[in-house]
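Each of the next two complexes has subunit A plus one other chain: subunit B in the first, subunit C in the second.
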Partner chain A sequence: MNIVSNKNSVAWFFILPAFLIHLVVVATPSILSLALCLTDWNGFGKINFIGFENFNELFDDRVFKKAIVHNIIWTVIFLTIPIALSLTCAYLLTGIRRGQLIFRLVFFFPYMLASIISCQIWKYIFHPLHGIGVWLSNNGIELFEKSPFAVKDISLYAVALVDGWHFWGFLVVIYITGMYQVDHSMYEAADLEGATKFQKFRFITLPMIRPIFIFTLMIIIIWSIPTFDYIYILTQGGPAYSSEVLATHLYSQAFDRFNVGYSSAIGTLMFFYVLIIVSIFGLLQKIGWEI
Partner chain B sequence: MTTQKHRRTELIPNYFILTILALFSILPILLLIFNSVKPQEEFGINALGFPNQIRWENFLDAWILGKYAEIFLNTIKLVSGTLLVCLFLSGLAGFSLARLKPKGGNLFLIYLLVGISIPAQMFILPLFLMWKVAGLMNTHMGLIIIYSGLNAPFATFLIRSYMIQLPEELFDSAKIDGASTLQSFFKIAVPLSWPVFLTTALVVGLAVWNEFLFALTFIQDESAKPISTILFAFQSRFENNWGLVSASAVMMVAPVAILFMLFQKKFIAGLTSGATKG
Partner chain C sequence: MKKIRSLFFKSGHILLSFIFLLCFSVVVTAKTKIVWWAETNADRDPVFQAKLVDVFNQSQNQIELVMEFKEGLNDILRTAMVAGEGPDIVETPGPSYVKEYQDAGLLKSMQQYSEKYGWKELLLPWSYSAGVFDGEFYSAPKTYETMILLYNKTLFEENGWRVPTNLSEFEALAAKIKAKGMHVFSYGSTGWQPTHEHLAGMYLNSVANPDNVYKALIGEKSWDSPEFVEAVELLRKHMVDEGYWSGSLENYYALGWDDFHAQFAKRGAAMMTIGTWTFQATENAFKDISDDWEWAPFPNLTMEGGNPSFLLALGTTLSINGQSKHPEEAAKVIDFIFKNKALVLDMANDFNFGEFVIPLKYTNSDFGANVNSKVRRYLIEFAQATGKGNYGYTTWTFWPAEPGVHIWKDMEVLWAGDITAKEYMEDHEKLWKKARRKKATLPVGKR
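Right, the complex of A and B next:
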């Protein structure tokens, strides 16, 4: 008995350092955030408990409401365009032999770039004096007179394009890994019955990669909420809050205005959202959805 | 023979669409490379094409004006420090979870899973205040601790899933020879698991090299900044000096590109590990 408990404590001793560092960096400040969201602290003065006042205030905050809408748009964009593009691309890739590896590397490489690099590249591409806008207008098409990052109606979509460009190759590689696990004889059988490419995709490929597909839906839904880098670097949420999202709103509340309580309230909402999404997917798995 | 030919013509649309998509991925990066060796006066007349005149001095200018020797050193400190701390701690934890299987180990795995899904915005401000009190602001040590904590769950998962497949007999025979648990970690588990340590190092190293949000928040002292936030400052400081800014960007990408060429399989397997292993 003594030996067993001794072995157990050695095992926990090995886990302890990793646990401690994570506890200090993530868990402790998260719990602090949970507590601070019920206060009106500004980082310096007295801490007053104000209950759910911050949350009440949030729902009257025009910018907060805008940010939520933008996060929803962002999620919808990433759930549709990159997924459609990368599914098509992965499916086409499984059909070819020659050059397959090169294509895969080319699609994946942008995913390795730092956000600051992707942003710089596209800032130049859309630059009003140098970018494709100039080239297009020389050829008679007046599409981008101003940089789309500076136009209220499209700034959010322009930033999403940059992030999507960086991200979609990651999906290609994930999907193709799944598609390789599909038994080839199923396609041959379908060929014999005269199935079209689309039918094979719809009735063989898609069902077979369903677990991976659902996993990607989940990570996109989760990752779309704390999205920050691209928007902060390219537009800082502007012009006129037209590309403000929760993360950039929180950041300016936190570090420009030091509204500790208020920004903690936004962070807490984001956390609960992620928690709910993860639980929903976990629940679906429990009731027998193959995830 | 005919079916062969038939298949080949059938594939033309595949190649056509794939090539267009590949151009979409690669052309912007090519443009960055072109711009990095373009002389300043060419940006007005030849903004999107291959440079008529190649000016390698852009790199030299960026290196000197941007004090790149210092910045690279800052970044390398952060990357190597994080790898050292994070891999060591996660190696120990992964080993314990895979081989020693303590009571309640699953509870710790669930803790890590929840930890992974907490958005950084949830805790960044309290962490900032904590670091201020602890005097860790503007220090590389402070950022190394943060990066190690942030990446520990992922690294632990990855290392655990590799070590769990190692044959039990090796550990049994070491135990008979009287090796302590720590010895069997260092002498058996680590040497046998070097591929997973390499994969983890590549993924975590890349994450630190590219990281923006925490570097932006925790290092405001210009001379201590790593490359990602220095580039951000650069873009406004040298706003219209595109050659200089592009050369700086290429210098940041080059090590990543070289490592990617060498270890493509490990990078891809590591970065997609969550999805493909379930």
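Right, the complex of A and C next:
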């Protein structure tokens, strides 16, 4: 046996435990869920095959349609604001030598917090009796008198603010890591040419971190679909389904209404959406994009 | 050498005899282990352990009761039961869950034990009926509760206010309270959207009348009938237009348990609409202040008024796991509870009757001097009123899963003005029809 195939065998041997866990805990339930979407199972008793009835019902479900729109809005928000903010801060941080670690820690700290803690912090910031709105009101400024999580028109954006605050630091760390791998001589050459900071960012930094940047776009698009915890803790999809997303609708159908088959249909559609996204990125990679 | 050998054999003989006796005693005294999974609560768990588990185990030698306190009991229990595992005694949040387990064949019928031990005669009739599925007794009530109106007694006396008896008195009182710069009610739903069903149930029964609610539950009336539409429209008006609860709809959505109890105790609001599970928290909130609180049944909200009703509600239920290897012993544990009024009342008193209020047929003499007078009055009045037929129905005890979720989840859509009360109740009726087609309705005792 040659050295290469020996090394491959050893590699598989080390991957095997994680693979088995993934197979048992993730892959098998996912495949079973694909089968459950064709049933009327309530999570307790007999499983009856009903064909595509769940999908027919889904297309008439106004809450499901609302949830799709909210997921799209969520994706657009996270593809813009946190990325813009984190790119800017990461680039500015590369110019700081002293104290950079403190900045990185401060930016990354929210990402280390459990979601329940982040949500409690923001709930109390916007609390109608003890929050910032009360303090501002006492100083003559009428702002945040009502908790934004309780206002139908802005609840989704309020939750996105909290999740964005938690998430953007993670992007800063990823981008700054990529930026440090850019060949410094390119910046020196640009300096000699008299390039501005923005020009260096636009023509050197961005192109050079493109693989990382595209990767973050992909993970944001994928992670935006199963987004659940911040919404569930802060608003439970309310008020009036104004912050309902696919994952919270799926949860409610499965665990409140005992419609496990129906919720599996939602999960199946989410799965195919993610599969399409991953396939698109795979295709782009095949045609030569650096991803 | 001979002496040493002899000593060795004698020691070995004694050791073997000792080991044999030890094993024999373990076999002879081995008790049947009965496991009960309960929802964990830091204040209540030690009381259950000391006053129920330890007392039961010391009272006999055949059964060892083990109570395991679980976080998120519901999900853990369902996973275990579906996998054919789980505890011997199954604790569920209510009849809608019992229905699912019973339909799936996961519970053991307790009919034979009920007949053997006479449970039907011990329990309040409505609570027994709520546990009968397909003609057999499947779930015993672990605690009953009802919705009440809490009010600041001191504040009421200072202002000469009285608990209203009809809709116009109710709205007039609300106006007076608001004129004083207070909220009418303190309450909130943050972290628990199903809070809305407390209000929905109170208004459906108080406006539309419990007789009509009963007819709708058994399919003799449609949920989109005018009286039910009127009830939810009145709730909408009071919640959205008048801001009765914590001043505005948004405040109601944003306040939680600690907030609204503090608001009530500090005269931020004059009243609270809540269930009897709050007795302990209310008592604690008023402990160190000069104001006193009192309760009344939620008033009849028709213009003519009338006797207020107590809404029937079961907080938790107990059943026997269909996979239990010792159902007889599990039944004995349940029987021990039902036959020990003093123990039940002592424990319930520790919780200020917010939990473990088993619906046994209590009399005045059952309550010791240590029982809070307000709570004693509630227990006696509840038994008397419901005995005379003055009762209504809570959604979490008598509504099947889908309509039960619609009541609170889509109430926000009505409150947001996205649909009318009529459209809301029409959707509700559709879900009831679906539940009836699927035979998913819950038992409702004859009225």
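Odds and ends about this structure:
What we mean here is this: the second predicted complex is superposed on the first by the 267 of 291 C-alpha atoms of A that agree within 3 Å, B and C clash if a C-alpha of one lies under 4 Å from a C-alpha of the other, contacts with A are read in each partner's own complex, and residues count from 1 in each chain.
Just so we're on the same page, contacts are C-beta pairs under 8 Å (C-beta built on N, C-alpha and C of every residue); 3 or more make two chains touch, one makes a residue touch a chain.
Remember, predicted model here, so these are calculated numbers, not experimental data.
Aligning the shared subunit A places subunit B and subunit C in steric conflict. Look at A:G43: by the touch rule set out above, it reaches both subunit B and subunit C. By the document's definition of touching, of the two partners only subunit C reaches A:K146; subunit B does not.
Of the two partner chains placed around the shared chain by superposition, neither subunit B nor subunit C is touched by A:I83.
After overlaying the two complexes on the shared chain, residue contacts for A:I219 are found with subunit B alone; subunit C is out of touch.
By the document's definition of touching, of the two partners only subunit C reaches A:Q236; subunit B does not.
In the superposed three-chain model, the partner touching more residues of subunit A is B, compared with the other of subunit B and subunit C.
Contacts of A:A190 after superposition on the shared chain: neither subunit B nor subunit C is touched.
Contacts of A:F255 after superposition: both subunit B and subunit C are touched.
Of the two partner chains placed by the overlay, neither subunit B nor subunit C lies in contact with A:M208.
Where the contact sets of subunit A with subunit B and with subunit C meet, they give residues 43, 123, 129, 233, 255. Those residues of subunit B lying in contact with subunit A across their complex are 11, 14-15, 17-18, 21-22, 24-26, 28-29, 31-32, 35, 43-44, 47-48, 85, 88-90, 92-93, 95-97, 100-103, 105, 108, 111-112, 114-115, 117-130, 145-146, 148-150, 152-153, 156, 181, 185, 206, 209-210, 212-213, 217, 228-229, 231-232, 235, 242, 245-246, 249, 252-253, 256-257, 260, 264, 267-268, 271-272, 274-276, 278. Residues 42-46, 123, 126-129, 146-147, 149-152, 233, 236, 238-242, 252, 255-259 of subunit A are the ones touching subunit C in the complex. Listed in rising order, the residues of subunit C touching subunit A in the complex are 75, 78, 81-82, 100-101, 103-106, 190-191, 193, 248-255, 259, 263, 401-402, 405, 409, 412-413, 415-416, 418. The part of subunit A that touches subunit B in the complex is made up of residues 7-8, 10-12, 14-15, 17-19, 21-22, 24-30, 32-33, 36, 43, 85, 88-89, 92-93, 95-96, 99, 103, 105-117, 120-125, 129-132, 134-135, 165, 169-170, 173-174, 177-178, 211-212, 215-216, 219, 222, 225-226, 228-229, 233, 246-247, 250-251, 254-255, 260, 263-264, 266-268, 270-271, 274-275, 278.
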